[in-house]
Amino acid sequence: MSRLIVAGLILFPFIGLFLAFPAAFSWDEAFGNTVLYVIILGLVNVWLGIGTAWWLMFTDSKWKTSVEWFTFLPLFIPVLASMFGMYIALAPLGLVGTHIGVGLVLLVTTLPYSIRLAYNAMYVVGRPLLEQTLTLAPWSRFGFVLFPLLKETIRTIVLFSTVIVLSQFVLVQLMGAGLIPTVTTRLYQAYAGNDVSLALQHTWVLVLVPVLLYLGLDGLFSMWIKLVKGRLR
Amino acid sequence: MSRSSLWLSLFVLALPFTGVAFLIYETVGFDWSELNDAAWRASLAVTLYVTLVSTVLSLVIGTWLARSVYRRQSTWLASLLRWPMFVPHVAAAYLFYVLFSGGFPFYGLVEANERHHLVVILTYVWKEVPFVFLMVIGTYAQLNQGYVDMAKTLQLTPFEQFKVAEWPFLVKPLLDSFWVLVAFISFAYEVPALLGVTFPELLGVLAYERLTTGLFLNAYESYAVALIWTLFIFIGVIGSYSMTAKRRRRIERGVRR
Amino acid sequence: MSLVLTGVHKRFKDRDVLRGIDLEIPNGEIHALVGVSGSGKSTLLRIIAGLETLDAGNLTWDETPLDGVPPHLRRITMLSQSPLLFPHLTVGENVTLATPNRSRQEAEAWLSRVRLPGRYDAEIHELSGGEQQRVSFARALAASPRLILLDEPFTNLDPNLKYELQRLIRDLVRELGLTALLVTHDREEAMLVADRVTLLEAGRVRASGTPQVLAETESTFGDFIELDGRLYPSLHIEVTDSPTEETVELVRSFTRFGHRLGEYRRGQGDYVILPRDESFRDGETYYLRKK
C-alpha cells in the first residue's frame, strides 16, 4: 500500500500530459533543430566525456587534480550568469545567431556532467581492467571491450545531455539571437500566448525525445553486442 | 586520442570562466548603488527563500530515500526515481503549471503562479530529489556495514548511530549537491518564468528580463548581479570546502572499506 | 545470572546455518565457541548482539528475553576482526563516544588500561593494526557492557601481537568480572583464553566443557579424515596395532594439553594427528579403524 502512495507521489506530474488535448504534431524547423542538437551533443558529450575521463584515469601528470577541479567547477557557476558572460565574449567572434555558437554553449552546460559520469563509471570498472585493453588497437578496444563495459554509462551520458539540452531556453534565445527556434523556445511562445494545446504538444515532445532515445539506444546497443559477439566466434 | 579530447574539453570548460572574466570587464565603472532598488532587493529575498527551501527539501528527501533503498534493498524505488530524470525541467514546469491551473486534480487549491512560489518549489523538489538520490546512493553502496553494526553494539541511540556511522560519509556528496543545486536554482530562468509571479521575480528571471527588454543601461545591472551572485556562490564553495577539508582527509586516511 | 540460548535456529536463503543451539553462559565466564568456517559461529554471535533475528528458539539474559530488543539496548558490545574505528574521530574520541557520560577522562583511563596511555589525540592511521584493535577493545569496554562478544578479533594480527592481545583481553575481562563469548577457529586460542569451550559443527553443538575435558575427549576436534573413501570426524577414528587396510606410520610423538598424540604419515603422503597409545613407538606401522 505504501508502495502505491510513493509511486503516486513520484509519478503524478505525468497526469499533466493528459489534462488537455495536445495539438497535432508537425515536423518543423524547431523540431529539426532540436533533434539535431540532441544528436550532435549526445555524440560529442560521449566522445569528450569518455576521452577526458580516460586521460584522468591514466595520467600521472601533476596537473591531474587541477584538471579534475577544473571539470567540476563549472557546475557551481550559474548557467545564466556564465551565459551572459559567454555572450559578451563570443559576440565579437560572430558566433551569435549561429548553430555553432548555440551548440558550443549547450556543450558547456552538458560536458561537466558527462566527464563526471564517465569518470565514476571507469573508476568502478577499475584501472587494471581498463589497462588490459591497451594492447588492442583503438577501434577494437572501443568496439569489443570498452563499449560493452560502458554502454550503460554512455546511455546515461546521452540521457543527461539530452535532458539538459531540451531544458535550455535562455541559452538558445540569447546565443541564437532569436533566430534559432527549438521546441523549447516554441513552448515559451505557446505559454505566453496561452495556447495550452500547442504548449502541451511541445511538452509531449520534450518528454518523449529522451524516453525514445534511451530505449532506442538500448535496442541499438543490444544489436551491436550481438554483432560483436558474432564476430568473435 | 584522449589527449585531443582533453584539450577540447579544457577549451570548452574554459568558456564559463572566460564568461565570468568578461562580466568583470563589463561591469568596471558600474554604479553599484543602482542595484539598491526595490525590485532587486525583493528578488534577492524571494530567491534565497525559494533556493534554500527547495535545496534543503531535496537534500533531506533524497538522502532519506537513498537510505531507505540501501537498508531495504528496494530496487523498485530506485527504478521509480529514475522517471523524473527523463523529463526536462521546462517540461516539468509546464506539467506542474497545467496541474495547478484550476480543474483536475487540484481544483485551484494552490495556484500555479502565487506569492509563495509553492509550485516552483514543488517542481524543483520533484526534479532534484532523484539527482540527490543518485549522488548519495553511491556513498551508501560503498558504505562498510561494519560501521553501522558497530554503532549499534556500542549502545548508541539510532540518531547517534546515523551521526557516527553514516553522516561523516555523506558530507562530501551532500556538500557537492548543495552547491550544484544552489547554483542551479538561484539563478535560473526557465522554471520560475513559467511558474513565478510578476513581483517579486526570482533573480534569474529579473536579470534576463532587464537584459532583454528596456534600456541599454539595464543590461549592466544584469551583468553586475550575475557577477556578484557567481562570486557569492564561489566564496561559499571555497569556504565550505576548506572548513570540511581536514575532516574529509582524516576520514579518507582512517576508513576501511 | 546468565546468557541462555535454547533451540536457536537460523536459516539463510536455502541453508540452515544454526540447527538448534543450546548454550548457557554463566555470569563472569569467558566462553569460547570453536568451529570451522561455515559452522555458524559468527551468525550466533550476531544473533546474540541483535544484528540478526533468530528464526526459532529463545535467547535470554537473566531470564529476560532478548529477542526483539534492539542492539543498542542490550548492553552487549562486540569486537570484530576489523577494529572499525570511526574514521572521522581521533583515537580518544572513538572511546569517549562509547562512555555513558561522554567523558574524556573515562576514555583516557580506558586507553591506559589497554596500554595506550597518552594517545587520545592520535589519528587512527597513526596506529598499527594491533594498537587499533586495542582501542576498539577499550571502546567496547567503555560502553559498560554486561557481555562482550569477540568475533575472531585476533585473525588479522601477526602471532606475537596475537598472544599479547589474547592475554590482555583475558586479564582485563577477568579483572572487570565481565562475561565474554569468544568466537574462533583456533583451538589453541580457545584453550588459552576460555573457562569453557563449546564446539560447533554444521550448526549444532557438538561438545561443550572445560578445556581439559575437551582435550581428553576431542583430541583433534574439527579435523576430518578419509577412510574407505569416506570422510569421518577424527574423533570417530582410532589408531590400533590390529591390522586393517589403512596403514599409517608413526612419525612423531608429542603431548598436548596432557594428552598423548602422534603425527602419522599415510600412504598418500599426507599427515594426520591422532591419539597415541603409550606402547606406540616412532617409526612403527599402525592401523586406522573407525571406532
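Here the chain labels run A, B and C in written order, and each chain numbers its own residues starting at 1.
As a convention for this text, a contact is a pair of C-beta atoms (placed from the backbone, for glycine too) under 8 Å apart; a residue touches a chain by one contact, two chains touch by 3 or more.
Everything quoted here is computed from the prediction, not taken from an experiment.
Based on mean C-alpha positions, which chain is nearest the centroid of every protein C-alpha shown?
B
Looking at CA centres, what chain is most distant from chain A?
Checked the centroid distances; the maximum from chain A is C.
State, to the nearest whole Å, the distance from the C-alpha centre of chain A to the C-alpha centre of chain C.
About 56 Å, centre to centre.
How many Å are there between the centre of chain A and the centre of chain B, using C-alpha atoms for each centre?
19
So what's the Cα centroid distance for chain B and chain C, whole Å?
About 51 Å, centre to centre.
In their shared complex, at which residues does chain B touch chain A?
It comes out as residues 1-6, 8-10, 12-13, 15-23, 25-26, 76-77, 80-81, 83-92, 94-99, 103-105, 126, 138, 179-180, 183-184, 186-190, 193-194, 204, 207-208, 211-212, 222-223, 226-227, 229-230, 233-234, 237.
List the residues on chain B that touch chain C in their complex, please.
Against chain C, the touching part of chain B is residues 144, 146-147, 149-158, 160-161, 164-165, 168, 247, 250-256.
Spell out the part of chain A that touches chain B in their complex, as residue ranges.
Residues of chain A touching chain B: 3, 6-7, 10-17, 19-20, 47-48, 50-52, 54-55, 58, 67, 70-71, 73-89, 104-105, 107-108, 111-112, 115, 120, 138, 159, 163-164, 166-170, 173-174, 184, 187-188, 191, 196, 199-200, 203, 206-207, 210-211, 214.
Along chain C, where are the residues that touch chain B in the complex?
That would be residues 46, 49-51, 70-78, 80, 82-89, 97-98, 123-125, 139-140, 143, 145, 149 of chain C.
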